[in-house]
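Note that chain A is present in both complexes that follow, paired respectively with chain B and with chain C.
Coming up: the complex of A and B.
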């Protein structure tokens, strides 16, 4: 795999060239926070950011997306027939996606791309996108990616991995899509040093000091974890605001709703959250997850146990730390994970010694 | 890429009021495009999303049987936004159906075995589909004895009355109809809840027998010990679950019971399988 060097002075020129062939998405500073936005003509992605409050999952999974449109006007021949909404799946590139968020897309893909069904909305956007990652050299105190199946220089899910190297960027071209992008931008010819990149990787990984233990999760009995007493403590302070699920790069649950204005309507989907009581309520009023404890438990059990058991690909968490930083009552997935991972080990000792 | 969210277009061909309270109606649908009927290839026990533009979608068990050609049937309780709207729709109206979805009762496993079918209330829909399938001349000889215990609150709340009467007369199926209370002085069938009638009428279980149970949670709860007493093992008892659903194809995330999704891994599970889940349904 080729490593190239992009002089920062050539950065803007390359971006300008890319505007012709791609739709560009990248981090933009708004007031004090960065968000991933579509870059209108000439805008240069600002890579001087630490992390965004929202993950860039909306790039392939918009918070709200039209699926179908229809007319309810009986005088029209096509009344009450759903029609696909016209979509733009022309090539796009997202700059500055963090390696953890790119790995998250790989995990979410397992839900949307199955043997039986393919989700066309998610997959078409995913396939149209070239993912240019930005390695992390200065992690947040809440980052625990290295023990959550990824890392500051992790390559999974990326087409290009970029790293800051003073007056230039080093960029590893990981896929054909990535090579094509570098060529379109005019960056492909200048060779970069792969040993520098490797050294930066080692240094960056050493900076991630926050960790989780996950090795015992798959061996636990799901029902014993489910019935554990600690969920009362874990969920006590939760206000079911749903912030954790909205900022999470691996949360994919969605709702489907019809919206009608006059005689024309749309069927659309929007992000949904297992923190909300209406998520599971039956028409009869019966709700299988009626209490806060049940909903908090569902979120953590799904991420740290059910997903682990179902796919055997590790936890459904990439250690981005967003839910830790933004939870209004300081619920910390790292502590929950430790509690689950070590659950029952004391009992096991007691049984063995007796 | 086929869009699994795009429904087949259908027209309402017939509407039958099933129950004395008018809350249960059976809708017969025909496909607007004939070739869609071939694509909608289903087995007894599966469900589909009924899709009404402007209102939304609801997951409903398929009441027609794979051996009945040219139409689909669903029996629908008037309860929420979509079903209330549907109850006000007329023959000739256009809407959509997505499916078939989920798994089904394991008919190949049941071959050569006795089958006990226990149903209560309006959960009898996929059981009707199953009975029609079993009684089809091409299929009946493949299976052993068939017993059906079916109960409703009153005689007027029983679904598919004409067919029940017909099955009663046959000698290749034992039908035990019951009602909680009868206001009909000429009522000639059983009176009592489904679990005790099952205990009284159903045959013994064993390695050659399977039971299928569909009904309200309370009926399932009290039928389980009866079946155990009759000798049905947990992995010979099949249940069909319900949960709130949107996508119906395993993607939207809400119908999960542990790692299983009711829409895609179910709705049909053995009791053994269900016992391994947190039973959040």
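Coming up: the complex of A and C.
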């Protein structure tokens, strides 16, 4: 795999060149927070951030997105017909995506891209995008990526992995999309044979101080976990806001809504959250998760048990720590994971010893 | 505030042991600097997890709504006023509660400290009037009064207005406080400037509803934002829907809000939506001489009619 070196002096020039062939998205500092935004002509992505407050999932999964439009005006020939909204799926590149967030895209893809169903909105945006990652040399105290199936130099989900190396960036071109991007930007200097990246990776991994244990989750009985006593305490403080799921790069739930203004309407989808009281409420009025306890349990069971059992790809959490930092009442997924992982009798052991 | 924690544990243990209450609602130490977790203790053995410091900004009254048990609840000044409001609004009964009052010295503004600190905040400790912040690069000390939450800076009711136990002697109330300078500043602007101001204020909102859910006043079984028949509010990021949510919610709090600051504290994107409720709070005070939650013996401003009520707003 090719590793190139981008002199920081050539960085802006390359970005300018890319503006011609790609739409550019990258982290921008707004007031005190970094967010991923479309970079208008000439703007250079600011790579001096630790992590963004919101994950970049909106790049492929916008918080609200129009799908169809229609007219209720009977005098029009096309009244009451759903028409697709025009979309822009021209090539785009996201800079500065963190390896954990890139891995999250791969997890989310399992939901939007299956043999049976292909979600055109998510997939079209995903395929139009080149993902350029930025390795983390100074992770936060809340990052637990290395025990959540990823890491500060993890490559899954990325087309290019960049790392800061003093006067230059090292960029590992991981896919054809990545190679193409480097060519368009005019970045071609080979970094030669060097193990700098490997050494930086080891150093960065050593800086991750927070961990979770997940090894016993798949062996637990789902119903026993579901019926466990601890949910009462785990959920007590929760105020059922959407913060944890909205900031999470792996949460994929959405709602579909029709909105009509006068005689014209649109059908759109918006993020949803299992923490909200009306999530999956039935038209009969029946609410399968009418209480806070049920909703909190759903979030953690989905991430740490149902997903684990269904896909056998680890937990549905990449350890970015956003929910830990931003939950207004400090409900900490690491604490909950520990409670679940160490709950009751361990069934795997029973099976193994029999 | 040293000593508060010990006293809270002592009282809680006594109340649980002699079965005066079934549970104590308080705080336990959080996993993050400047964060504590609302926490329920059901047995005397667990009272050692209860703590008190300058990071107990969440309003615990929120956890009382419609509960049926006998409850001991830790209450600082603003919480106690919301407890009064809860009792007046039939959300809990007075005789269900043992109120453990905390004379409050203010909560610290975790966002401001994160902004002041260089690098990530790793640990925060405190003495009576100093806050020590440890980051990757070193340690910094701040005067507590400089890093208080905005609402605590202008608070004039730090002592619980209602209590059965008190963890310490009452503190001196802040004097000569200009509580509404920020509201007057907005009132003085031209309409288009106000429009632009609120536009910018609410632009980052992601509609997570942490603000309303952290609020003890927002207890409707189905909030208007969730109503589907009819649907009052669209669910997208349309700025009009976002504004409608905020303005309507603020009006639902008129004459009830105690400016506890729980909403602002909870917001993950740092929006000061308190400005909206504060305007209504100020109007209630100016026009009706009303402050929410001060006594169980008076009905809220919007709950009663008096012949001498001002009517200047009727045009």
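Everything that follows uses one rule, which is that the second predicted complex is superposed on the first by the 339 of 354 C-alpha atoms of A that agree within 3 Å, B and C clash if a C-alpha of one lies under 4 Å from a C-alpha of the other, contacts with A are read in each partner's own complex, and residues count from 1 in each chain.
The rule is simple: a contact is a pair of C-beta atoms (placed from the backbone, for glycine too) under 8 Å apart; a residue touches a chain by one contact, two chains touch by 3 or more.
What you are looking at is a predicted structure, and each value in this text was computed from that prediction instead of being measured.
The superposition on chain A brings chain B alongside chain C with room for both.
In the superposition on chain A, A:240 contacts chain C only, with no contact to chain B. Once chain A of one complex is fitted onto chain A of the other, the partner contacts of A:187 are absent, as it touches neither chain B nor chain C.
In the superposition on chain A, A:141 makes contact with chain C only, while chain B stays out of contact range.
When the two complexes are overlaid on their common chain A, residue A:117 makes contact with chain B while staying clear of chain C. In the superposed pair of complexes, A:255 makes contact with chain B and with chain C alike. Panel annotation: after superposition on the shared chain A, the angle at the CA centre of chain A between chain B and chain C (CA centres) reads 90 degrees, nearest 10. Of the two partner chains, chain C is the only one that A:64 touches; chain B does not reach it.
The least CA distance from chain B to chain C in the superposed model is 7 Å. In the three-chain superposition model, chain A touches both chain B and chain C at residues 255, 257.
Residue ranges of chain C in contact with chain A, taken from their complex: 30-32, 35-40, 58, 62-63, 111, 114-115, 120, 122, 136, 204, 206-210, 213-214, 222, 226, 228, 234-238, 265-270. Those residues of chain A that touch chain C in the complex are listed here as 30-33, 50, 53-54, 63-64, 138, 140-142, 233, 236-237, 239-243, 246-247, 255, 257, 259, 268, 270, 273, 276-278, 324-326, 328-332, 334-335.
Those residues of chain A that touch chain B in the complex are listed here as 67-68, 70, 72, 79-82, 84, 111-112, 114, 116-120, 123-124, 222-223, 226, 252-258, 260, 265, 267, 269, 272, 274, 279-284, 288-289, 294, 298, 301-302, 305-307, 309-310.
Residue ranges of chain B in contact with chain A, taken from their complex: 1-7, 9, 51, 53-57, 79-80, 83, 93-96, 242-244, 246-247, 249-259, 264, 276, 278, 280-281.
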